[in-house]
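For reference, the structures are reproduced in the following blocks.
Consider the two complexes below, in which chain A is the common component and chain B and chain C are the respective partners.
Showing the complex of A and B:
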């Protein structure tokens, strides 16, 4: 029971860290960004390489992995997404999906297609109500909560945050304040991408690193964004943990159904609460 | 920053401005002039292209043909935020304030960009929106429209009339030289209309204004010049009394199946094409 809850919370934490960027990108730019999955994957691979370079310093390798997302996200935003503004949403899907496919093949070319295992960077266990839980997973859960708190502060207190919140509501009205709203959206895009990379980094030791890890998690992440509400920061948090628990509980009863159940929940939510775009 | 604000001739001018959405021509070769200090009105049935005309002027829609000039400078290709910095400010037909922010923050965002001296230091944008000069300037702007008591309300909690006042407060905080008001009385109660009217009359003359309005009765005692739009074209222009007697105008309003009298026509919140 405890381990199921812990697993659900861990998956929820990772889903949150990945999905928040996706949700914000959709909310601000109205772009469905498949390239988000590429950044997630790259985060994990850069971590892998940096672990070798640094001789196993996980924190340092993770920081480099997150930082590496900045130029990559900047390039994707500048050369692909910015050209798709105002176009049909289909073009954004095709364009960013193309980036993802090219990226996945580039990953295979650089690192190979064989899954790369990674060991638990902490390797300690803590006994919670008679069950041994990996400390690492608890750290991941705590990080997700910290990131949520940090983003809340950022969006509720800072000038930039408020411009973005206003832009989520009405882009043209922000322009009409004399604010170049697109530059702030680019900033949010890069921030969200860094979080995607962090998601890949944090999940890597729990699973294995492989070229399609991002593609796989992206579908779950879309479910989170749709259930949580497009562009809703708190909705994304609630949906992440709720769907993480759905996966954990279903997985305990019947493993193969774990992910299918996520999409079943998504379908029910969409029927009850259709999306207004 | 953008455009020189002094110059001979009209403060705002469009020459053959045209907006097309696919095969549909929303604004068709509109040539328009606004003199410095003037308050002018634009009327026309729903779908006549009035709001799209504002979108052309402010840059939210790029013209398929024609040009837009602000104080003599061609701003046709200037992005919307740069036009605002040149003194061109608007309000929207459906009141446009930020529901998710506290009331005061709506104004804070406006004063930062109107007064760059408030934005000091590189850490400014990541700093709190509630500090020193910024908060004071916001409260002052809020005071102007009589909403300072509600500074910390969430904007979504305001009545529609208060939101309209807030929107006008935001527009004024941007220090406009040309202010475009898109149906400022639409959806308001008579009491709220009186308050908004008072706000508008208080600033009249100190800047140039164009007001789109359905409630012609409110326009008549404010504007010195009235233009009528119909199917994307400006079909009549001149002194309000003369324009309202124009046979074409009368046909558009009364004979065009609108079924409403000119002066009695109430503003609806129906979105325009």
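Showing the complex of A and C:
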């Protein structure tokens, strides 16, 4: 029971870290970003390589992995997404999907297609109510909460964050104040991408690293964003943990059905609460 | 070269489109082997079904393999458990696609844009899971299912030429149907929904009904294409419902020129030519596909048919 809850919280935490970037990108730029999955995968692969280079220093490798997302996200934003601003969303979907295809193939080229295992970087267990839980998972959950708090502060207290929130509400009004909304949105895009990379890095020790890991998680992440409401930050938080729990409980009953159940729940939510986009 | 064909000449040419189409496919069969041509034709039916939603109604589905796969498995299971008659299997595929479309339409139809794409993708993933794991006892899971079809009179789907003839007849029928449909007031209604849905609603049209009808038509025809390919291969595998293969039909729709019946056929053939012959020379297939897609959406949005019309067609040619 405890381990199911803990697993649900871990998955929820990872889903939150990944989905928030997706949700913000949609809210600000009106773009569904399939390339998000690419950055997630790249984060994990860079982590793997850096672990070799640094001789197992997980924190350092993770920082490099997150930093590597910055130039990648910048390039995607600058050369693909910016050219599709304000046009039919279909082109953005296809364009970012094309980037994902290219990126996944590039990962296969560079690192090979075989899954790479990664061990738990902490490797210690803590006893909670009679159940041994990996400390690493608790750290992941704590990180997700920290990130949520940090983002709330960022968007409520800082000028940059307030500009972005205002831009979410009414882009043209903010622009008419003489603010370059688009460059702030690019910033949000890069921030969201860094979080995606972080998600990949944090999830890598729990599963294995393989070229399609991002594509896999992206679908779940889309479900979170759709259930939570596109562009809603708190909705994303609630939906992440709710769907993480759904996954954990279903996985306990019948393992293979865990992901399908998430989509079934999503379908039910969407029937009850239609969204206009 | 603009205006190379004036509008009367274009109209005259259009009257003979079906014989021209059939002749072109016969030439294709002669050029690349009859089995491959059958493959091409079946894929074209799928692209036509897909383009009804994407090109005409402006709904980009990222999960249309679900409907193709529904038809494929419906045909295979019918042949296995009900009747080995290929036409019964084909009918079962068509009906299964319609029923699945009807069941899912309350979820999908009222969404637009990104939501529509993603919900179809998610449903496709559920379908993939059902076929691969949950219903593996019946579908054969990852191994798939081999089926045998009986002869109907002299007709035998195992015969290459007869299968080609059947597929071509189906394609001609579907093209005829789609042309009638898109030229009809219903087709105009769909294109108006693509342009501006609320205005169409204000004019008093039942938008939801029109969208549901288009969606169910598209899913049925996709399933029909799935059934046809089972007749052709006599084998079904989960790759028929694989989420990752949606990009193929999107690519075909784009390269041919979305929103045109002939464009869909051109796109189907173009994609199949690329995917059949290029992998021999291109090492990195997915990467190539990705760059080609980027090129299409940045530089070649009109597609093959759109460019042809712009170049040779009557000056004010729009759509088909």
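Details
Throughout what follows, the second predicted complex is superposed on the first by the 277 of 277 C-alpha atoms of A that agree within 3 Å, B and C clash if a C-alpha of one lies under 4 Å from a C-alpha of the other, contacts with A are read in each partner's own complex, and residues count from 1 in each chain.
As a convention for this text, a contact is a pair of C-beta atoms (placed from the backbone, for glycine too) under 8 Å apart; a residue touches a chain by one contact, two chains touch by 3 or more.
Here the structure is a predicted model, which means the values were calculated and not measured.
Of the two partner chains, neither chain B nor chain C is touched by A:130.
Put simply, more of the residues of chain A are touched by C, taking chain B and chain C as the two choices. In the superposition on chain A, A:157 contacts chain B only, with no contact to chain C. When both complexes are overlaid on chain A, the residue A:55 reaches neither chain B nor chain C.
When the shared chain is aligned, chain B comes close enough to touch A:170, but chain C does not.
In the superposition on chain A, A:181 makes contact with chain B only, while chain C stays out of contact range. For chain A in complex with chain C, the touching residues are 26, 32, 80, 83-84, 88-91, 93-95, 97-106, 109, 215, 219, 222-223, 226, 230, 256-257, 259-260, 263-264, 266-267, 270-271, 274-275, 277. Of all residues in chain A, only 157-160, 162-163, 165-166, 168-170, 172-181 touch chain B in the complex they form. On the chain B side of its complex with chain A, the touching residues are 58, 60, 79-82, 84-85, 89-90, 92, 96-101, 105-106, 108-110, 112-114, 124-130, 170, 174. Within the complex, the chain C residues that touch chain A are 54, 58, 60, 62, 106-107, 110-115, 117-119, 121-123, 125-126, 129-130, 133-134, 243-244, 247, 250, 254, 284-287, 289-291, 293-294, 296-298, 301.
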